[in-house]
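Multiple structures follow.
Look for chain A in each of the two complexes below; its partner is chain B in the first and chain C in the second.
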Partner chain A sequence: MKQQLKSLTQTQGFAVLTLVLGILVIWYIAALLMNGNQMINMLERTGQSWTYIQVLQGAYSIQRPPLPVPHQVAMELYQSVFNQAVTSRRSLVYHSMITLESTLLGFALGSLLGILIAVGIVHNRTLDASLMPWVIASQTVPILAIAPIVVVVLGSMNLTGVLPKAMISMYLSFFPVVIGMVKGLRSADKLHTELMITYNASAQQMFWKLRWFSAQPYLFASLKIAISAALVGAIVAELPTGAQGGLGARLLSGSYYGQTVQIWAALVISALLGWALITLVGMAERLVLNRRGLRG
Partner chain B sequence: MHAVKLQPETSSPTKPHRLMIGIDDLSLVFETNDGPVHALSHINLDIHQGDFVSFIGPSGCGKTTLLRVIADLEQQTSGTIHVGGTSPQDARLNRLYGYVFQAPALFPWRTIASNCALPMEISAQPKSHRQAQIDKYLTMVGLQDFKHKFPWQLSGGMQQRASIARALCLEPELLLMDEPFGALDEITRDHLNMELLKIWKATGKTLVFVTHSIPEAVLLSTHIVVMSPRPGRIIKVIESPLPRDKTLALRDSEAFHALAAEIRQALASDHQID
Partner chain C sequence: MNRLLTPLAICILLAQTWIALHLPKGFYQDSFLLPVLLIALLAAAHLMSRLTALADSGRPWQRPCQLAVPTLFGLMILLVWEAIVRGYDVPLVLMPEPSRVFVTLGNNLPLLWADFQQTYLKAVLAGYLMGCGLGFVAAKLVVRSPFLQKGLLPLGNFMASIPIIGIAPIMVMWFGFDWQSKAAVVVVMTFFPMLINTVAGLRSVDPLHADLMHTYAAGKGQIFFKNQLPQAMPFIFNALKLNSTLALIGAIVAEFFGTPIVGMGFRISAEVGRMNMDMVWATIFVAALAGSLSYGALALLERRVTFWHPSVRRER
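Up next is the complex of A and B:
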């Protein structure tokens, strides 16, 4: 019996469960402290006598609490995911799909751009010296400053909708791909490279038969970062564009109206979306690398 | 002691003896931060078609560097070298030789068959021909049943055999091998040595083979080039009196031991001079 208990406590699930429980406990205590004060103020204003039981009940159920508790967020999630038509403005599925669209478009464009820049940098010494500083400088500019400029510029060219948002996703996601691919394309094994030289392989053959494959593990590591950056980009892009839909718009309207529960629900959905996207890239990675015999 | 000719042009009238590799007063100096390193100093060597030539010597004697100069992976500082009647660069561009490295250097994302196909893909040979070559040479090295496996699924010895098959698939006249069995255990090495001899006899290729094992050099070679470090140079070229048809049992013979002793003495004599 002791043995069984011991082996149970050493499982990964047990560790995760303990951690989650710990966080929940801390969350509820913090919510009580933060929301309790507001509750007491409300009760005082009524002029009637109040009890701590009322405070306790109210702290976990008021409409716009400073810190919503998990079960409130879960309820809101359930309501806005399952109890709304997916075409409704109140549906988180609706907003997620809008954000997902620009995330995926931006990710695809950004990855392509990143790969092309990396190929240029690796094959051309001038590009290496001239392009890399700009690539790095591009990431030191705060994205919140860039986003409205992109939207205005593209808007003046009559480009609206998903494209401006995708551009901002692209802007964030090309960078990790450049860095990873440059490293990856230069990572070809010395012996493999010399072998190709003994075969009198052309530069193109060297790329498509050796460097491209050597770079793949690096590429997938970069793509995982890029897709989460693309999601952040899409959400950030929805903030200043006055977008009516998208998780960013949902976050913004939540903060306008003090709908903290709505903000938290949108946050949870963003996190789930990010997790799902990274998992998808991870699955693609395993599929490709396993088939190529590259384990890990 | 520097200039050693392998043999006069007409040493063996019984077989045609086209000159495959001619090296004349070749030197190679690497410039390093600690000053120049004389990797190769005044090398003179002729290697004829059909010969099995071993370079032997302690590490740092330049045996691998010499092989890399033949393969055009390094360029000499002075002197001349001809490979198959042309410069090493032309020989490489014409894919005259196959090179087998110390490590198998198989592409991990390709199967064994696909690895063997690589040089033939690069030289744009038709697919049917590629397939026939792969079958022929994988059978020759005993890996026919493993053609669809990935490199990591094979042992080190099998991987090295696959890399030899890959080199053979292009049917090069000249096979350059840099300590190909150096990382393998002795039993596997014996086995692969005999297989290599079989392939050499079957194909009539010229083989240049780098090793630091005296028994291996004696067992395989028609000619043994003994080299010495600082500066890297040839101290003796020994023509093997052993028959070309060799067996493992030969290793217990008088002639085998005598030849091994001669190599050992050559290596030791140089040591005393240092």
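Up next is the complex of A and C:
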């Protein structure tokens, strides 16, 4: 029994669970301090006398708290996910769908662009010398700063809705794919490459029969980074478009009206979304690589 | 034939530059000049492939040629941008031409400097130093305890997958409109990459090296500074470089949520509202320059500090 207990405490799940519990405890204490202060201020302003029990109750239930506690956020999540029609503007599912749409479109476009650029760079020395430095430089530019402009410019060319946001996701997600694919396409086994040369394989055959497969593990590693970058891009791109919907718009409107619980709920949903998307790519990776006998 | 082609290409490029800069606006709308642009693109491609060949040839010109190829590529993009915007007389609201952006940049240097000070020198720098410092210290603590390693790393990986930028409105609410709230966003954004990378770096120590240090009877401080830290440096620099971009993004985006009337994020959103696209692009240029220079400086520092690493050594 004691042995079992000891081995249980050494598992990863136990460690993660303990830390999460610890964070929750700290969260509640911090909320008590931050919200309690505001509660005391509020009561003193109205000239009431206050007791500690009043403050304790108030700290976990006031409207628009500086730091909402987890059960408040969970309530808000439950309310806005299950108790609203999916098409309602109050439903987080509605907003998540809008964000998800531009994330996925941007991710698809960005991955495609990234693969094409990588293929060009690997096959053409001039492109390698001229384009590669700019691909790297493009990421030292704070891309998200361009987000409002891209949205405004494309909007004035009558391109509204999902496409401008997808463009920003695309810009963020093409980079890891280019870097990963260039490395992957060049990582073909030397013996295999020489074998292909002795078979007098053309560049095309070399690509489809050897390089494409050597690049796959690198491609999936890049896709995981790319899809979370695409989600960030979509959320930030929704900030300047205002009230059109999406998790970013939800964050902005929450910050305008001081609805802290709403902000936290949107944050939790976007975190879950990011985690789910990466898990999906990971599953695809295992599916493809397992078939080739590689461990995913 | 080849000898003639190169001067010809240079001439075509110069002619195209003259067309783009000196003809009155709208010159593409009803004229025969558009094919010239295409020919100029081909000429630039030819020049670049010649330069690449020179750069690979191993002659004494090698180094400047390696720099010239990407420079030419960048100039070509500016040229096409300028030609299209001026040639089709694209309204300023949509897209300013690069020459105009640079003129605006020159005319508004004091204003842009004030924005740069507010966003970069205050928010980004303070947040970056604190975030990276805290990440490093946390990593040092985590590495010591297997329990924390097991528990914190999955949480850190989870945090890396979520859009942390979303905490910006909360930080603005907590720390007010001034630069402190932006610095707080930067701290949170830079903390996790630094933590994960430093832990990976400190754990990458070769067991043989650790045993060697042990046989030398090295103290804890000696083991850390002479073995673990140098081993971790490539990982740490990866995080530092990644964070330098993240920090700038975090600070600028946080300014969209509320700011005093100075700062790069404020300038961008305010000038977009007033349709002053040239000013917006000038601010972006400043941000891009700041981002690239800090990345470049870190890369240089990395070469100095990790001179022994294969990825640096090979290039000599």
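The rule is short, and it goes like this: the second predicted complex is superposed on the first by the 293 of 296 C-alpha atoms of A that agree within 3 Å, B and C clash if a C-alpha of one lies under 4 Å from a C-alpha of the other, contacts with A are read in each partner's own complex, and residues count from 1 in each chain.
One rule holds in what follows: a residue touches a chain if its C-beta (ideal position, glycine included) is under 8 Å from a C-beta of that chain, and two chains touch if they have at least 3 such contacts.
On a predicted model such as this, the values are computed, not experimentally measured, just so you know.
Aligning the two structures on chain A places chain B and chain C side by side, free of any clash.
A count of residues in chain A touched by chain B and by chain C gives the higher number to C. Shared-chain residue A:Ala74: touches no atom of chain B or chain C.
Shared-chain residue A:Tyr199: touches chain B; no touch with chain C. Residue contacts after overlaying the shared chain place A:Leu252 against chain C, while chain B stays out of touching range. Look at A:Lys209: by the touch rule set out above, it reaches chain B but stays clear of chain C. The gap separating chain B from chain C at its narrowest, counted between C-alpha atoms of the superposed chains, is 13 angstrom.
Residue overlap on chain A between the chain B contacts of one complex and the chain C contacts of the other is empty.
Contacts from chain A toward chain B in the complex involve residues 189, 191-192, 194-201, 205, 209-210, 213, 216, 292-295.
Every residue of chain B that touches chain A in the complex is listed here, in rising order: 71, 73, 92-95, 97-99, 101, 103, 105, 107-111, 118-119, 121-123, 150-152, 170. Across the interface of their complex, chain C is touched by residues 11-12, 15-16, 18-20, 66, 125-126, 128-134, 137, 139-146, 148-149, 152-153, 156-157, 228, 231-232, 235-236, 239-240, 247, 251-252, 254-255, 258, 260, 263-264, 266-267, 270-271, 274-275, 278 of chain A. Partner chain A is touched in their complex by these residues of chain C: 45, 48-49, 51-52, 55-56, 66, 69-70, 72-74, 93-95, 147-148, 150-152, 154-155, 158, 160-163, 165-170, 172-174, 244-245, 248-249, 252-253, 256-258, 264-265, 268-269, 272, 277, 280-281, 283-284, 287-288, 291-292, 294-295.
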